[in-house]
């Protein structure tokens, strides 16, 4: 397989974008990406687009046709990829494999979700869980992660305060991100006193309902060199699935798909956790950031919480996590999220993250997860 | 119309019928076509025990529309006496009564408050044991 | 010998006190409690209905009967509050308890005596030799209009009876029904709450049919009130059954055990069947038990039942009525009560 580089990135703002339809969100992100890459749209051969459920949110399927049409890319090979909240990451991997295999030279990996068109978001998001044996019984997404949280607190001694600190930290980062849905800091008290959604999780432990799109352009390393781009390459790509229902896994405080995907990515990249300078992880809920950091191997079980309290994972700390603001502050337009994480990692590695810049960032990791851990993608990127 | 989907799950929802692989003995709830342990294709019906204990739990304060009339309600993962786990609501429980290890029995209840033009959906819920 | 092989009852955990209803409507709480002889009534939870109550009662009956549900030849649920206007309750029941598909199912109605008629038909199938076992259930989640007298008493609960000819725990030795067209209480299609004819529901309806049926079965069986250890009458409120029993020559002590209404309310089709279950929970071999139901419209079904040596062996195999009446009650305030009972109009989704 060839080495693959990212040569451009684009993203809309995330938020409640009442005047932007689904089709235009993708078009804008893609157009910005092509301008950033300096590549003419006629060179694009293929697009992989992550979107969890345009059918349920917007009544629209057949995205390959409509999104390429409205992006001015009609004619190219295009496929919509679905893996719940990991749709974007899965789209990115598919695009990576198409270039790595030698089949194509210019492939877009994009993601989009427009959640604010009037659909019942709780209902739509719940389709990522087991419809007949979890959702049928009144379980919601916050409910699943709340059960993970309670198990994590019971088994590993994690406290609610540790989770609350994740939200405060990510908001501090998001306040520095012009594309964030909630670009403002919050206090611990705000998190603690917020209305409870599913105990112990409150409103501020949960990522928001968002609209947005992101896109990156992939090309073989030789092309990136010719274009004079910062050499940001994909060193490792890991993808794993796991049983969809939380009750099917041996320990409800663990998310095995994350560890499985991470091991594949690290093996391919030939690096260890100690080599990673920063990461973007899937903080759909505050507890998820702690669990994922442990599953990825950055911390032992039960240690991510204390590390967060100690400030290790904040910008300026030993190991910045979610410098973009994460899903919590930046937003979580489901299908776009995985690609948006790649955009952040790319910006960090190419030194253009502005106030959020992680100093001397050389290796970054992005982890994107579906449902309560039914699927996971981990990507390791390097700048050289 | 939910009838075909609902009808198919009745043996599981009403009678806790699981499938046990005749090859390796792995119990699947719900039953499935392919054994997750040995990829076997042959199964026997097995009714699950209706007693167990809570593995983890939460209290749902913001439910989907059809569950709104029951809020706040407890959801839990219950491990039944034979080791099989399932997810369900714990009914009639003041939330602070349910904790890891609480012993429960499974009872037959209406699950949700569906609109009047839909078929009523029944199934299992957990109830804290009083013995 | 034919009769009851297994019996089971189900009492919901939620309660509302009569005084909380009275205070809501500005009525004299103490006067209502004295007049109705009622402390509190059961309330079905938002996840309960006649079908879930029937399943719970039937599972308790199966625990006592100790038979394979596949052997049950017929299942009948009698109720005034079947969950569907059109679609049987009994089919959900048989799939839940593992009876059928070779099973005759029908839903019964006749105001408050739908339970006793389900029991009667089940018993008749067994007595005629048509089948080995048959199940008759009375269960209800009755409604009373807000502010109406019925709101104090209309409650939820049920009892199930598996009839058979082997291992009989309580033999049915005599049956008698007394029926006439007496319009004391009715609900027309499209109305949400039933209506009643005030004081006409007393002497011409309840008392006439209950006493006529009971006198009829005493004559038919040749028994007198003093021959019975227990007597159970339909309980629309606390006073009516005690007065009827006294009119017929029964003593308070004979009626006490089955008189559950003061703690439970009127469970309509479940009323006298639950009273009977409370009696069976404690009866001794050889005890004669009288039960007379009443359904508005109107009719009464009477049974004479005699406990056998097997009854004490099965009493402890499932929860008892008075245990459930006392156990882990959850009291609701009026607002929660009306929300659970769907009396608050909200937008359809």
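Order as written gives the chain letters A, B and C; numbering starts at 1 within each chain.
Criterion: a contact is a pair of C-beta atoms (placed from the backbone, for glycine too) under 8 Å apart; a residue touches a chain by one contact, two chains touch by 3 or more.
Keep in mind that what you see is a predicted model, and the values were worked out from it rather than measured.
Novice: Check A-B against B-C and say which one is joined by more contacting C-beta pairs.
Specialist: Counting C-beta pairs in contact for A-B and B-C gives the edge to A-B.
Novice: Give the identifier of the chain nearest to the protein's overall CA centre, each chain being represented by its own CA mean.
Specialist: Per-chain C-alpha centroids compared to the overall one single out B.
Novice: Report, in whole Å, the distance between the mean C-alpha point of subunit A and the mean C-alpha point of subunit C.
Specialist: 59
Novice: Can you compute the centre-to-centre distance for subunit B and subunit C, using the mean CA position of each chain? Integer Å is fine.
Specialist: 30
Novice: Check each residue of subunit B and list the ones that touch at least two other chains.
Specialist: Residues 65, 70, 89, 111, 125 of subunit B each touch two or more of the other chains.
Novice: Using the touch definition up top, name the residues of subunit B that touch subunit A in the complex.
Specialist: Interface residues on the subunit B side: 5, 9, 13, 30, 36, 55-65, 67, 70, 73, 75-77, 85-89, 95, 100, 111-112, 121, 123, 125.
Novice: Report the residues of subunit A in contact with subunit B in the complex, numbered from low to high.
Specialist: 120, 122-123, 126, 130, 132-140, 142-143, 146-151, 154, 195-201, 243, 245-248, 252-253
Novice: Considering only the defined contacts, which subunit C positions touch subunit B in the complex?
Specialist: 13-14, 45-49, 51-52, 55-56, 59, 83-84, 87, 92, 95-96, 98, 327-328, 330, 339-340, 348-349
Novice: In the complex formed with subunit C, which residues of subunit B make contact?
Specialist: By the definition above, subunit B touches subunit C via 10-11, 14-15, 65-66, 69-70, 89, 91-92, 107-111, 113, 115-116, 119-120, 122, 125, 130.
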